[in-house]
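Given below, in the form of C-alpha cells, are the structures.
Across the two complexes that follow, chain A remains constant while its partner is chain B and subsequently chain C.
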Partner chain A sequence: MASRSKHATLLGLRHLTLMVIAFFMLVPFYWVIKTAITNENIYAYPPSLLPQNPHLFNFVDVWYLIPFPRYLLNSIIVSTIAVVGNVVFNAMAGYALTRQFAGRNLVLALFLSCMLIPFQATIIPAYLITAKLSLLNTYFGLALPMLSTIVCIFVFKAAFEAVPRSLIDAARLDGLSEWRIILRVLMPLSKPAIATNVILTFIWSWNNFLWPLLITRDPLMQTLPLGLARFLSYLEDTTGALYAFAVMVLAPSILVFLMAQKEFIRGLTSGATKG
Partner chain B sequence: MTRWWASRWFIVPTLMLLVTLGWLVYVGRHDNGLIEGRIVDAAGQPVAGATVRIFDRGFVTYQERGRTRSDADGRFRITDNTSHSVQLEAETPALGRSKRMEVRLWFAAQDVRLTDPLRLPAKP
Partner chain C sequence: MGTQNVSWWGQQRNRQLALIVCFLLPSLVIFFLYRILPLGWNVILSFQSWSPLRPAEWIGFEHYVEMWEYDDVFWIALKNTLIFIAASPLAIAAALGVALLVNSDLKGASIYRTIVFLSYPLMAIAVGIIWRWMYDERGGIINYALRSAGLIDKPIGFLQDFDWALPSVIFAEVWQILGFYMIILLTGLQSIPQNLYEAARIDGAPAWARFFRITIPMLRPSLFLCVVVGILNSFSSFDLVYIMTNGGPGHATELLITHIYKAGFVQTKFDYAAALTVVQFALLVALTFVANKAAGGNAGAVERD
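Moving on, here comes the complex of A and B:
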C-alpha cells in the first residue's frame, strides 16, 4: 500500500515537473500569438498577460502589404522538391549502406565526418556548383543543398536494417530487382522513417534563410524567411503585424509536425535502438 | 482494408481545401470595392454635400486615393476601393473636418456598409 502511494507521488511529481517545463517552453509561443492578435509592442512595459482587444487584421495586413502569397508558393515548391528528393535519394543511399561492398565502412566514416562540417563552411563551393549548373535563382537551385541529408540517410539505413533479411532474400528469389525491393518491400515497412524524412526536411527547408538569401536575385523568387526579414526592414517595429507574419511562417511546419508526429517519434526511436 | 478516407492525411488537407475554396467563393462575391456610410453633424442630423475622402494604407502611411460627396440624406458611396485597410474623412466648409475613421477589411475591396457614421464637429 505504501509502495503504491509512493509510486503515485513520484508519478505526480514527474507530471508536475513536465508541466512546469512545458509551460516555460510554450510561453514564447503564447507571447508571439498574443502579440500577433493585438497591436501591442512586444517591449511594452508593464506587459499584459492577456490579449487586449484581440483581432485578426494583422494577418490581413501581412497578406496584402507584401507579396505573401508568392513567398508562400515559393516556400511550398522548394520544400516539396526537397522532401521528394530526400525521400528518393536517402532511401537509395540508405539501402546501399545496408549492403556489403568494398569500402562500406569508409563511406560510413566519410558520411559521419561530413556531418561535423557546418553548411556555412561549404557554402561557397555549393554556390559555385549551383552557378555552374545554371540553377541560381531557380526553385531547383533553392532546394539543391537539401536534396539529400546525411542524418536522414541514417534514418533510412536503420529502418531498412530492421527489416528481416529473409524477407529481402525471398523477394529476390521471387525475381524482384533491387529497385523494386526498395519500392515494394522496404518502403511500405519503413513508414516511420519516411515520416521522419518528411518532417525534418520540410522544417529545415521551410526555415532555411542563408541559402535562399545567397542564390535568389529576383524578389519574387524569395521564400518566407526572406520575406519575413524584408517585412521587418520595411516596418521597422515590433508590433502585431510582424508577429502575425511569424505565426503564418510557423503554422505550416507545426501542422506537418502534428500530423506526422507519431510516425516521426517511432522513426527516431527505431533509429536509436537499431542503428 | 485500409480506410484511406479516414486518414488524417486525407481529412486535414481536404478540409483545408474546402475551407479555402469556400472562402475564395465568398471573396469573389463580395469584392466589388463598395463602401457605404453616412455623415452626420454634432447633433446627429444628416449632412448633405459633404466631401468624403478615402485614404489607402501603404506600409507606414495612408495616401489619398479618391473622394466623393454625400447625398441629400447624408449618405455616401465609394465604388472603387481596392485596399484592405482604408481611412475615411468627411469635410464641409461650414462644419469643418471629421476625425478619420479607420476601416479594416477582411480582404481587399470587400463590400462594407458602415454602421457608425462619420461625425462632423460642431460649428467652430
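Moving on, here comes the complex of A and C:
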C-alpha cells in the first residue's frame, strides 16, 4: 500500500514537472499572439496579461505597411522549387544508391562527409559561384543550394531498400522498364519517405534567412524572413503589426509540423539511428 | 571484338551504369557547387589578396597574421563562440531530463513531447523577434515577471546590457533547440533493450547505478550527435543573433559567423572573411573530433543541414 502511494506521488511529480516545462515552452507563443491581437500601447506598464479588446487589425495592417503579398509569393515560389527539386533529385540519388556499382562507396563517403559541412561555412564562395552563374536575385538562385538534401537521400534509400526484392523482380519480368518500376512500384510504396522529404524541405526553405539575405538585393525578390527583418529595421518594434507578421509567418510551419509530426521526426532522427 | 554487333549502349550493364550516373548527377552537382568547391575555394581565398575588382595576389599567411595580431573582434567572437558551444552540454542535460520524464508509458507523454518540440521547426528570425519582445526593458514579460516577483527593482535591458546580452541570446537559442535534443535522446532511449534494466533490477542495482551504468553508456551515440549539433549550432545561430542583437551591444554577442558575415558582406573583404571561415571550420572539425574520441570512436553518422 505504501509503495503504491509513493508511486502515485512520483507520477504526480512527473506530471507537475512536465507541466511547468510545457508552460515555459509555451509562454513565448502566448505572448506574441497576445501582443498581435491587442491595440493598447504595447509599452504600457504593467503589461496586461490578457488581451484587451482583441481584434485582428494588426494582421490587416501588415498587408499595407510592407509588400507582404510579394514576400509571401516569393517564399511560396522558392519553397515550391526547393520541395519539387528535392523529391525528384533525392529519390533519384536514393534509388541509385540502392544499386551496386563501381564507386558506390566513394559516393556514400562523399555524401556523409558533405553532411559535416554547414552551409554557413560556405557562404563566401557560394555567393561568388552564384554570382558567376548570374543567379543573384533569382528564384532559381535562391533555391539552388537547397535542391538536394543528404538526409533525405538516405531516407529514400532506406524506403526503397524496404521494398521486397521479389516485387521488383516480378515487375521486371512483366517487362516494366527501369523508369516505370521507379514510378509505378517504388514511389507509391515510399509515400512516407516522400512526406518526410516534402515537410523537411518546406520547413528548411521557408525558414531560410541567411542565403536570401546574401543574394537578394532587390526588394522584389526577398522572402518572408527578410521582410520580417526589414519590417523591424524600418518600422521599429513599436507596433503590434510586427508581431502579427511574426505570427503569420510562423503559422504555416506550425501547421505543417502538427499535421505531420511523425514524418518530420523520422526525417530528423534517420541520421541519429544510422540506418 | 565481341562487341561489334552490340553497341556500347546496347550492353545491359553499361546502360544501367549510365542510368545510375544520371540519377546521381543532379545531387552530386549541387553538393559539388555548394559544399565541396566552396570549402576548397575558402582555403585558397584565405591565402590571397582579392576583391571582385582586383586580380588575385598570393600573400601567404597575411590574413591569418592580421587576425591573430590586430583583429580584436576576432578574439571576442572566438570567445563568444566557445561560450555558445560550452552552453550546449547544459541544454543537452536539460533535454535528457525531459526525455527521461516523457519516456515510458506516461499518460499524455506525446502532448508534452509535442509542446517541447514545437519551437524547433520555427523560423529563427520570428523566434528572435519574439524573444526581443520578451526581453524588452519597458513592456517585456520577463522584466514584468521578475519585478512582480520582487527579484529586481529596476528593469534590465537584457539585450542592451554587455553582461546580459550573450546569456540572453543563448537562452533563446536553447529554448528553440531543446526539443530537437530531446527527440534525438528519446530515439536513443527507446533503442536501449529493456532486458538490460530487468537484469540490473534482479541484481539489485539501485536506480542511479542503472542510470550511469546502462542509460548513459547506451546513449553515447545519441549524446555525441547532440554535442555535434551543439557545435554546428554556433554556425547556424546566425539568424537568431542577427535579428536579436546583430552582434551588439559593442561586440558582446559577436559570434565568428556574424563576424564572417560582416567582414564579407558589409565590408566586402571576401578574402579576409574566407580566412575567418577556415579558422571556424577548423575549430568545428577539431571539436567534433574530440567529441567523437570522448564518445568512444565511430559514434555514428551526423546529420543537419
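Here is the rule we use: the second predicted complex is superposed on the first by the 222 of 275 C-alpha atoms of A that agree within 3 Å, B and C clash if a C-alpha of one lies under 4 Å from a C-alpha of the other, contacts with A are read in each partner's own complex, and residues count from 1 in each chain.
Basically, contacts are C-beta pairs under 8 Å (C-beta built on N, C-alpha and C of every residue); 3 or more make two chains touch, one makes a residue touch a chain.
Everything numeric in this text was worked out from a predicted model, so none of it was measured.
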Contacts of A:120 with chain B and chain C, given as first, second, both or neither: second
Which of chain B and chain C A:259 touches, first, second, both or neither: first
Which of chain B and chain C A:151 touches, first, second, both or neither: second
Touching partner for A:235 - first (chain B), second (chain C), both, neither: first
Partner contacting more residues of chain A (chain B vs chain C): C
Contacts of A:225 with chain B and chain C, given as first, second, both or neither: second
Chain B and chain C contact sites that coincide on chain A, given as residue numbers: none
Touching residues (chain side chain B, partner chain A) in the complex: 8-9, 12, 57, 59-60, 83-85, 104-108
Chain A-touching residues of chain C, taken from the complex the two chains share: 16-17, 19-20, 22-24, 26-28, 30-31, 33-39, 41-42, 45, 98, 101-102, 106, 108, 111-112, 114-119, 121-127, 129-134, 136, 138-139, 141, 144, 148, 175, 178-180, 183-184, 187-188, 191, 221-222, 225, 232, 235-236, 238-239, 242-243, 257, 260-261, 264-265, 270, 273-274, 277, 280-281, 284-285, 288, 300-305
Contacting residues of chain A [partner chain C, same complex]: 11, 14-15, 17-18, 21-22, 25-29, 31-32, 35, 42-47, 88-90, 92-93, 95-97, 99, 101-102, 107, 110-112, 114-129, 144-151, 153, 178, 203-204, 206-207, 209-210, 213-214, 224-225, 228-229, 232, 237, 242-243, 246, 249-250, 253-254, 256-258, 261, 264-265, 268-274
Complex contact set, residues of chain A against chain B: 55, 57, 60-61, 63-65, 234-235, 255, 259
